[in-house]
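Common to both upcoming complexes is chain A, partnered first by chain B, then by chain C.
This part shows the complex of A and B:
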């Protein structure tokens, strides 16, 4: 089995999701290769990939300098067809990677399994783990095709630099874009910046629900998030009341997150919210209702009013870090 | 002591009626348009397809799309929920000479059956009343049957348009000329989001509304063309249902009466439950309650939860797992509430939308299928005639009414016409107690008719807090968990599709908060004006239609919203 990981990068940094997938792939295949598409100045990123287990990093200079999926599909397809017969291509899902995976699967006539949260080898065959039916069951999925394309849910794997520093072999590639790739062009590009870390990438999330009582109540969540370097999330009900923007909604009809620490303020823990955050490593819930369902799946239960507990917590943190 | 009807939202009667607005060359033209992929609509599509197959010259004359079916759910069956023990005759007739029922998903014929009267601790078996006997009937999941019927309809050449809601009845020159489909991609305040797609005018020579219970355009059409005539007002029941995976097969069909409904007349709590085996490892369990009940604290969702704690029921479910949940209203007015006309120029009305349900026998699916089949035959005759009038004049469609009334739908509904009204207005009690009227084949009419609509029932003063129901997450569940188990993941940031007033009498607010099995409504604080704030969470809605019977109005949300029923 030979694995190839697509590395997504923005603003001179590899995405945590890509590095997580690379970390997992390196554990399965010591010869794992990774591919970077972009300008000339990506040597530092290639080294970073090496630290996360890449034996080889293909560096394809994107001649069209396009941010679109097309050139990336061209590079991956060319690599697999012409340069080395990788049998499995792995990507961490994003707006870009989702398009690439779909396009690549079509181009190579490859099977695509998506929304995977794990991959293992069984008798030399890769087997993916795919949560289904809103994460209520977990299915094991395989491929009948070769090559195979695997698209992973972000946050499925931690990015762990290996103990043994290794210098990856860097191979440069030039791939001619196909005519239909050139037919699409990006007209403009703007950077959307959020205050604080994004929900997808945050190690710590402070989330607020109806128990915060009002839009002003979210000030508490923001204060605590400020102390913890956390992103702020909200439940459907809080968003629906207009207390916090919809982009911060976590749950069945919002984002699915899996931070290291999830602090739930005044959230009852309806299953619709749970499915969006149940994969968090540690869940701390603060709620005045001792029967709130969230206490059934939280690691630390604080039974108390968020309006008294949180200011005390903020004060304690201030003293500690002060 | 408020009446829900006094808090109806202000509404323009013509809001959902209009002429086509798309430029002529952008309209989607079809021959016959069916709204709703349930047993009625799909039977209509299948029969119409069969007729076109035999008469290609008519298909030719109807253009590129002779037959289309629009469905608001994600797929056929997504919004279908029933018991269901069905009488297979109408389906057999539909497919007679066209492959029969081979391949239709069923759980086989009903074997043993038992009716119990429940008290809190005991279950007293009573002889099965004749109308409730199910010999020769079969157990199915209506959702599964719906998906199978949709495949058959597509095989017959129907163009199937799922995730499409029919929002406006297109009326031109005094007749129906199609429907306008709903916009997609609007935000909470109606603004156009980046993925906005406007609806389209679907114009048709004949439009068949087969929307099921509380059909949006069916109700619009009944009003607009004054089709109800002097019929009694329709009355409703609410069914809440779960599907369980169980460790031991259930060996019989069960119906229950009594507990947890209260016997005191003033509460008007009429209804019962059903427990049906679905093969060796699945069980369907449901609770039905008449919506003329008067205690605003009554919570139909929790009635089912409480029912499951009865020793007899618990023993069936013990060690099992709930795998699905859903709810739907059932029209219970029978013959007296059947609209006097089931057609208008360019329009035919089928199935549950016009109340084709036989209350004492607890059956309606076979009427839906039969009415769809009859609608197809009428529509076919109308469009294959020489005249190309648009809309098709009422005279060319009137034979549908005659066929419905002269056929078994009309005959059977007539025979049982007085059962429910006389014997306590119960979906189940009617069957249990109204034997006399049945054995005389309706010759003895007992006369009295339930004349008050559900929303005119004055609410009882609340005496004390509602009993707390414990939800253990194993046998009993809270409403949001149930909504989750319906598969509902409706986009939150779409416009509110529920027309309700948000400042109402406190008892009406409490009624809505408890009535809605999907916990859409929450009663808020009472203001200086003595009215309570009602908070609405429309994305919880599973489109059961209960709110429409009690002072609000369900309209279709964006296509593809709502539950995704699978084996209900």
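This part shows the complex of A and C:
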């Protein structure tokens, strides 16, 4: 196995998802390499990759200075075809990484398994774990091709820096963009000015549903999120009622998240929502209805009124943090 | 100009595996994948302002004709179905090969995709299809503007809002936030019955049978099992107002506060 991990970075930081995948890859292959495209403070980014297990970091200057997938597909394809014959390319899913994985798979005729939550070796062959059918079953999936592409659900692995500082070898690449890469261009990018952590990166998410009762009810979710350092999410039903922005929607038609802690406030747990959050490590649900489906997949099921329990919990947390 | 919209016929309601395992049971009732309607709607709106022909394209069993009729009922002009036992069981890569072959034959100026499918398949198919056609692609579009040989798109990603453009011909995947798809009127459905619907096979497209279907797939499902159960789940009732303390202790024990 020779593994190559694509590292996504924004604002001079590698994404937690990329570092999680790198951590897992390093456990499977001590010689794992990583690839970075663009980036201002290359040495700092490469060191961070080294701390998470990368033996080699390939770096390609982004010739077109584009945030789009094309230049990254060009770099990965060139690397695998020309520089070193990696047999498995791993990415943590995002808008960018999903497009890269699919484009790369087509260019290399490499099998793509996506939405993976784990990868292991069995008799030397990689086997992926993929929840299917709205996560009601879990499949083991394999590849017939080499190279192969593995796209992981964000939050599948914790990013664990190693105790021993490792200085990765940095190798620079120059890759000519293909004509169709150059045919897509970025005109402008306005970065989100987040007050709290983003849903994709958050270790803790506080989510609200219809049980919060109103747009004002989401103040409760925000207060609790403030105390837990959490991002706020909403169900489709709550978004549909205009109580919270669509960008915070978790579920089948929204984002898929798997934080360390997911606190569900007044959420029934319909399949549409469940598929977006059930891989969270710990799920705490508060709901008045003892028969709410969410209790079937919660670690701590609290049968109670969010409007009494949450303010009390916020108060306890406030006392705790002093 | 010609706009092609790639759509999928997906099972309605609860998804099931076939008894022999490994693949989805597609024998039950099906429908046009909901977010594909956003792509059709986007195409129809472009058609209103530009002189365009809208062609819907899919690969699937004969039952997929229903979804194509829905698309034609919304206002698309023509439909193409690739229905062939040889393509059944195609994985992501094989599916992209078939769609790219149909699109190559249609040579549209613009190819549109919906955001995702409800059956968990091919969420990022557009990028693979674009790559095979060597066309630029843009994803997550919340607006579409056709200019002189250009398509301009606004979109939101995890990190920010982008304004991006591509030279035509191009492939664009639209977000489900781009529009509210129209309903199919009875009149539309009546008209749809008279619109052309072509059925093609792999060999019509010049694709060898072993390049698609199970034989042409590069991924394989090795086994399917139940998801791991959540161990040690606990329930607390807030009859006496102590639930908040129970939650706090639970989180504190796990270093989550």
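As a convention for this text, the second predicted complex is superposed on the first by the 315 of 322 C-alpha atoms of A that agree within 3 Å, B and C clash if a C-alpha of one lies under 4 Å from a C-alpha of the other, contacts with A are read in each partner's own complex, and residues count from 1 in each chain.
FYI, a residue touches a chain if its C-beta (ideal position, glycine included) is under 8 Å from a C-beta of that chain, and two chains touch if they have at least 3 such contacts.
Quick caveat, the model's predicted, so the values are computed rather than measured.
K.L.:
After the alignment on chain A, I want to confirm one thing: do chain B and chain C clash, or do they fit together?
P.N.:
Overlaying the two structures gives a clash between chain B and chain C.
K.L.:
Which partner chains sit in contact with A:253 here, chain B, chain C, both or neither? Use first/second/both/neither.
P.N.:
In the superposition, A:253 touches chain B and chain C alike.
K.L.:
Pick one for A:144: touches chain B only (first), chain C only (second), both, or neither.
P.N.:
A:144 contacts chain C only, not chain B.
K.L.:
Go through the superposed model and pick first if A:236 touches only chain B, second if only chain C, both, or neither.
P.N.:
In the superposition, A:236 contacts chain B only.
K.L.:
For A:270, decide between first (touching chain B), second (touching chain C), both and neither.
P.N.:
The first partner, chain B, only.
K.L.:
Chain A residues in contact: does chain B have more, or chain C?
P.N.:
Chain A has more residues touched by C than by the other partner.
K.L.:
If the two structures are placed on top of each other, which part of chain B overlaps chain C: 187-195, 223-231 or 403-411?
P.N.:
187-195
K.L.:
Same chain A residues contacting chain B and chain C, which ones?
P.N.:
134, 246, 252-253
K.L.:
List the residues on chain B that touch chain A in their complex, please.
P.N.:
Touch residues, chain B against chain A: 473, 478, 480-481, 483-484, 489-493, 537, 539.
K.L.:
Quick one: in the complex, what on chain C touches chain A?
P.N.:
Where chain C meets chain A, its residues are 15-17, 24, 35, 91-93, 96, 116, 118, 120, 123-132, 134-140, 152, 156-167, 170, 176-177, 217-228, 230, 232-238, 241, 243-248, 250-252, 254, 256-257.
K.L.:
Report the residues of chain A in contact with chain C in the complex, numbered from low to high.
P.N.:
10-11, 67-70, 73, 94-96, 98-107, 109-115, 127, 131-145, 148, 178-181, 183-192, 198-200, 204, 228, 246-247, 252-253, 260-261, 282-284, 286, 290, 295, 297-305, 308-310, 312-313, 315-317, 320
K.L.:
Looking at the complex, which residues from chain A come into contact with chain B?
P.N.:
For chain A paired with chain B, touching residues are 134, 236-237, 239-240, 246, 249, 252-254, 270-272, 275, 293, 296.
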